[in-house]
Amino acid sequence: MSAPTLLIRDLKLGFRSYAGMLEVLHGISLHIAKGERVALVGESGSGKSVTARIVLGLIQSLRSARVSGLVEFEGRDLAKLSERERHALRGTRMSMIFQDPTSSLNPVYTIATQFHEVLLRGSPGISQAEARRRAVAALDDVAISEPERVLDSYPFQLSGGMNQRVMIAMALANEPSLLIADEPGTALDVTVQAQTLTLMRDLTERHHTAVLFISHNLGVVREFADRLYVIYKGRIVEQGPTAALFDDPRHPYTRALLQAVPRITGGGIPEIEDASEAYFAPLVVREGFGEPGRAG
Amino acid sequence: VVAVTPAAAETVLRLDEVAVGELDPGKATDYADSILMFNIYDTLVLAAQGGPGVVPHLAESWETDGKTYTFKLRSDVKFQSGNPLTAEDVVFSLDRMKALGQGLSYLFANVEKAEAVDPATVRFTLTSPYSPFLSALLRLPIVDKKLVSENLGAGDGDMKDWGQGYLSTHAAGSGAYKVVSHNPQEETVMARNADYFLGVPAKAPDTVRLRYGLEAATVRTLIAQGEHDITSQWLPPEVLKALAAGGAQLLVETGGSGFYIKMNTTRKPLDDLNCRLALTYAFDYAAGVKMVAITDEVSQGSPASGPLPAGMLGALPASEAYARDLDKAKEYLAQCKYKPEDFTLELSWVGEVPLEERYALLMQANFTELGIKSEVRKIPWALFSEQVTKPENTPNISQVFVNAVTGDPDTLIYGMYHSSAAGTWQSPEYLKDAKVDELLDRGRTETSDEQRAATYTEAGKRLKELAPTIFAYDQNAVFAASKRVSVPALTDRSKAFGLTGMAFTFRLMEMNE
Amino acid sequence: MLPVVRLLAKRLGTSLIVLIGVSMLIFAIARVIPGDPARIALGPNASAEQIAALRERLHLDQPIVVQYGHFLSDLARGDLGVSLYTNRPVMTDIAQFLPATLELVLVSGLMMVLIGLPLGILSARYRDSWIDNLIRLVTLLGVSAPAFVWAVILMLLFAYFLPLFPIAGRISDSFTIPPATGFLLVDTLIAGNVRAFGNAAWHIVLPAFALALSGIGQAARLVRSNMVETYEKPYIEMAQSYGFPGRRIARKYAFRPSMIPSLTIIGLDFAAMLGNAFLVEAVFAWPGLSRYGVAVILRKDLNAIIGTVLIISAMFLIVNVIVDLLIAFINPRIRYSQRAG
Amino acid sequence: MREPSRVTRPLLSLRSVSKTFTTAGRMVRAVDDVSFDVAKGECLAIVGESGSGKSTVAHMILGIYPQSAGEILLDGSLLPARRALIHRRAIQLVQQNPLSSLNPKRSIGASLRLALDVHGIGERSARWDRVGQLLEEVGLPADFRSRAPSTLSGGQRQRVAIARALACQSELVVLDEPTSALDVLVQARVLKLLNELRAQRGLTYVFITHDLSVVRNVATRVAVFEKGRLVELSPTETVFTNPKHPYTRRLIGAVPVVTAQEAELRGRLMEKSNASA
Amino acid sequence: MNRTLAILLRNPLSLLGLALVALVVLSAISADFITPFPEHAGAVVDFANFNKAPEWPYIMGTDLVGRDLFTRIVYAYRISLILGVVVLAIAVPIGVTIGLVAGYFGGWVEYVLMRVTDVFLSIPPLVLAMSMMGVLEPTLTNGMIAVTAMWWPWYTRLVYNLARSEKEEGYVLAAEVIGASKAHVMFREILPNCVPSILTKMTLDLGFVILIASSLSFLGLGVQPPTPDLGSMVADGAKYLPDSWWLTVFPGLAILVAVFGFNLVGDALREILGAEQ
């Protein structure tokens, strides 16, 4: 079996600050196989976004950050790659979708300009006309009905849902093998968010893209991911296939999390602790779903 | 081998003045204006060189009975426009001066009328005998009537604006230099008038650039770099010193003006004669003169003997100059009806003349030794000339430089001390003294120079008794100049004019290149 | 582009209102405070009748509101009265002196943009590095002394001790350039005299740099801080996640949006040069409007004061309108917005 | 679920209320001819997608800006456009964003005390103690009084905001998305607290949210807004068993769910909607 | 406090700024003790020692009437600081109040106030102060009035912008809903949130007021002799360049040092208080 698209082992992250070292990640491990959709769930501030940014190599360049542990992309240790090689992966082999589509697109350039820029990453020297042609096709893919008009628009002239689709189209334009989605669409309407998820699901399935899907919304995760990791204050507390984990949460934190979600079937609001010692209980590993390279 | 004559190399004289030169001759008052006027326009008479008095110029000769003056004009004079200069133009020039009522027009207040007897004869009729009239004519530049009439701007009456708009930027004279360009903030460029009726000597500069408003430091450097020729007289002594040390020549003009420290005689405490005398003796004259000394020989000031600078008609002998005498000062102060602890003197100085600040500080220090408190106030000129119009607003002590605009003592001290002239920048003393008035009036009507000299000497003595003014020093205008230029009128006593500014007659200067 | 036209119209309208306000303010300042312009105009030796006559001619004997009315009607005819300083119509003076000031200010503005902005970008891109610290130190020094101190220091260093640059004026005497636009840098080119152009350029370097120094500092500091802020924006992270090169991100992705908040203030700084030019022109004997302004203020030359201040604030307002348009050009949100402003 | 008693007079009534905003010549009809009653003691949920006019209704109820048309009655009497102090006291608000709803530069206590001071509630000297009590009522220690908002977590801040709404002792509280900025665990705690307070004090809520699963668990009735119009107003049970309006069904269909039963319920409703379409 | 210190220590520039400001302020305060010739701050002439290049005991040389330049510079700091403090003490409250009112009230109040502010802003500061000083008598008091007249609008503008954005914050809405008075909302709720920005601007401005005041005196419109003033020293000294360079260079550097110090501190403050421009 080939190497997983993404492999993270014992990743630690700390930020230096005037108050001393602030440990954010306490050694997390996860992996994503080719074409797999994996979710990372946890409360706000638990370290989801920083994990994603480490994968992209954005944190490493911060002077205040201290990163240790292994991050392998398609079998290559990112730490061993030169800055140049790491750079070359971004936007080509891996790309990212952000939470708020409208503020993630540059406000002063048209979609066409930005799309061109993105395509240049995958196909250096691509002409404007060719880029436009490909952009139109990509926008068609994400079910945008008037791609030409959208291309000539500025982000603020489009609805959040449209921008979201543009972002997805851009992220997939260079056919990356890893797509990171950091809470995509939580800034949008419920209905738009639902459409976005369906769309992303279809597209990644079609392109066999591996996805790291970050969210704090368990409902969304359940609809999207094959497998999920639950993270609590910088530690992975439980992982496993989506259905299994939702049916049979084993870690106290996962259980609390699931319980706390109000049900549309009713049943009132349960009494749950929002913080508890029990949540620091050790990682729950399911049989057959251990991290590669580790016993299990 | 024929020596290569610099036919192509035209000579340029560059000089500067602090104030902007006023081109309109009817409005000319200050030094810069005078320089322009004396070169662009001609007058009926010229100041004599090497002594007081006037000599013929446009006028070949004249006759007078004290009240009427009849002048015979030269017939070979043409304006720069090509129009001939006639008696009509003289009449026009006087009328214009009086109609504008600006500048030095007050000099002609008692001229009843001027008439052209024939094209070459002009007659002035005065309301009363006025002996300084001839020297006043030094301030009546003759304007090209025809040219001005062709260029009248909007205005009421026959003569509309009397050509004010035109003459503020154009010349209409007969002088040895023509105006090439005039930018009030930069310079006036003049070029020699080849058709000048007296001819312009070859050594005189071809082009003259009169620059305005240069900073002292700038002038200093330009001279040092050989890019400037004559400085203004307003440079601080230190700068002149530096220039002289750097090899510049020093040009000196004496006898026309003085530096006066004026006391407001209407307000406490200087309405008391003893108090004024106390200050007169407390002032450190020697330090004052030393402050403006430039070299051992040359100074911007020399000890004053009284109101009239040495060399002027009726000036007191140098032996009568004041010196500091603290004991005397204390004596007078003791007799003063005010006690030093009861008042604070305002020592004003005009913001445009930084040198005055030092004198204010000197006085402050001097007076402190008598136990007199004082505060120094800097006043911009505009505000100063406004304040002095009311005795109650006039500072206790003001400092002014005054010059005799025609070279005649009358034009220096009448305006300062005659009671009818009180309340101008020249007369912030508000002196009211019958005897002084009488003497000054007499000086105007007497015709013989001896009589007049005696009268003015007496006036000087009386003024020293009354002590309205601390006669700080006789002012010498000192100019630093490059070696490229010779100005005989400023270096050779026998060629010096009895009128300040006339030394800057460019045609009499020589370029040494 | 209709919204831009509407924006322009609206801005010009507001500017006009402000300009009228300025005229009232400056008129009031000039007239209400004691001091008799007629006396100053006529000089120290004028008689009381002459003064009274002039007062009447200048409407000074009438209530201030009436005077203001006269002023406005004269202004409408392009008549700002006669300067007591130069004895010429104030309009003539302004027409003659404004180009020199504008030339100086424009060259300074150019320096501010060409030096200040790159410094700011560099500083933001390498923030907290030694480059950043050095640039911050230097730019802060730049804003820490008034233009006249810089003028004096530069003159001392580069004109006196090291005579590399001329110390006064706009061009050497030896050149006679027929006036066309009043901008010597332009007129010399029109005249086809390259040496004269070089000479004029050589004259403008020091004064323009002295004037520009604080603007350069301000611009760099402003661009830096706004860019640092922009660097926190999600779209920068997005650009980074696509692996665009750092230089490109700085120049294209971070700089341009960060100019939107910066421009207003840079515009103000640029316009402030009109005011600061007063000091520099005085030091370098630059025959501009600002130097004229100082001269007329010291002489209480009311017409000229009012005229100069009005022109300067009109320039100021024009600069701001231009800045607004520039912002609209950079910021599509304004360009396409239904609600202008 | 208590049925609202129809015999008593409604606490709050909106009669044909509309709101039109005009921005630079463009008219936005944010709320269009909306009428509903809120009975004493009930929790009326207002749901709808973004921009459907939910907040605008809340703001009009609170008198932050006046309605363009229609009238609002509190306890049977007309509420004027310019609210007097008593009106202000009668209706309180809990906002969505707990971060911005507390002044970062004032202590928790000062923010709470403002309500007491403005309405002259209690003795001046006793107010500080009252602030402590209020905090305790929402499950926070009294000594949080002197803390700055930035030292509190989101959930704690939202409790403070609730305490502030309680301080005026008003009967009607408008909650504009009070939990949407919170984590699920914290959200559960806050919702629990709100439920308890309503029961204990007989409060009446107008509860604005876009989260239908929350609605299901707290509301007695649901008002569904679409583009400024009230498209459905039914008891909560009815909405989730038999939604009438297709838009309501669409909303329910978009809810992400975590359990199989939920998925089943959602599927059922979606089928209906497809069938009716 | 910890954080403040950490930021200060982390950045050597801030430390330098603090040191410079402390140096300037302390020397101004203790001028009587640290200067060799305290009497030279007043009307003293010593023609025996005039125009001397720097040499002991005149470490910065003497001026044209023989006064010690170092002494005069230290005393000039005193005047500059007093001037700066007085101007800001008057201008800031005026500007802030107008800005708050305009920003918070909006509507025609905003329009009128901001147009008036624009009028003052559109005349470059120096021009405005100069034209006022041109017609007023040049005294320290009038200088302060003129500088104050041109200074308040900048605070109006700053606070106006801040107030307009703070007005949208939830805590303002919360206070309004409770029924707090407009004055309370402006001065107790909004103002504290503007304070960091105002404070930062004030430190920066202290430097700029010194600059403007010295620019005015450079033009001969300011403090009266013999009171020492940095701007006039530079201006007067400039006439004697390059020979008596110390007359301009030292006062010029003195301005630079003081303003630089204040600007560094302002920068540090901006970082500490997290205030944006």
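Letters are used for the chains, namely A, B, C, D and E, taken in the order the chains are written, and counting of residues starts over at 1 for each.
As a working rule, contacts are C-beta pairs under 8 Å (C-beta built on N, C-alpha and C of every residue); 3 or more make two chains touch, one makes a residue touch a chain.
This one's a predicted model, so the numbers in the text were calculated from it and none came from an experiment.
Considering only mean CA positions as chain centres, point out the chain farthest from chain A.
B
Could you pull out the chain whose C-alpha mean position is farthest off from that of chain C?
D
Which two chains have the most contacts between them?
Going pair by pair, the biggest contact count turns up for C-E.
Could you tell me the distance, in whole angstrom, between the mean C-alpha positions of chain A and chain C?
About 51 Å separates the centre of chain A from that of chain C.
Any idea how many Å lie between the Cα centroids of chain B and chain E?
44
Go ahead and note the Å separation of the Cα centroids belonging to chain A and chain D.
33
From the C-alpha centre of chain A to that of chain B, how far is it in Å?
89
Identify all positions of chain B at which a residue touches two or more other chains, and write them in rising order.
Residues 215, 217, 221, 351, 380, 383.
Provide the list of chain E residues touching at least two other chains, using ranges where the numbers run on.
Chain E, residues with two or more chain partners: 134, 220, 238, 241-242.
Multi-chain contacts in chain D: which residues touch at least two other chains?
Within chain D, no residue touches at least two other chains.
Using the touch definition up top, name the residues of chain C that touch chain B in the complex.
That would be residues 34-36, 39-40, 42-47, 50, 85-89, 93, 96-97, 155, 159-160, 163, 167-169, 173, 282-283, 285, 287-288, 291-292, 295, 298-300 of chain C.
Across the complex, what residues on chain C touch chain E?
14, 17-19, 21-22, 25-26, 29-30, 33, 35, 133, 136-137, 140-141, 143-149, 152-153, 155-156, 160-161, 222, 225-226, 229, 261, 265, 271-272, 274-276, 278-279, 282-283, 293-294, 297-298, 300, 305, 308-309, 312-313, 316-317, 320
Looking at the complex, which residues from chain E come into contact with chain B?
Interface residues on chain E, with respect to chain B: 43-45, 47, 51, 64-65, 134, 137-138, 220, 224-226, 236, 238-244.
Given the complex with chain C, which residues does chain E contribute to the contact?
For this pair, the touching residues of chain E are 13, 115-116, 118-120, 122-128, 130-136, 207, 211-212, 214-215, 218-220, 231, 234-235, 238, 241-242, 245, 248-249, 252, 255-256, 259-260, 263-264, 267, 276-277.
Given the complex with chain C, which residues does chain A contribute to the contact?
Touch residues, chain A against chain C: 53, 56, 58, 63, 87-92, 95-96, 98-100, 103-110, 117-118, 121, 154, 156-157, 167, 170, 180.
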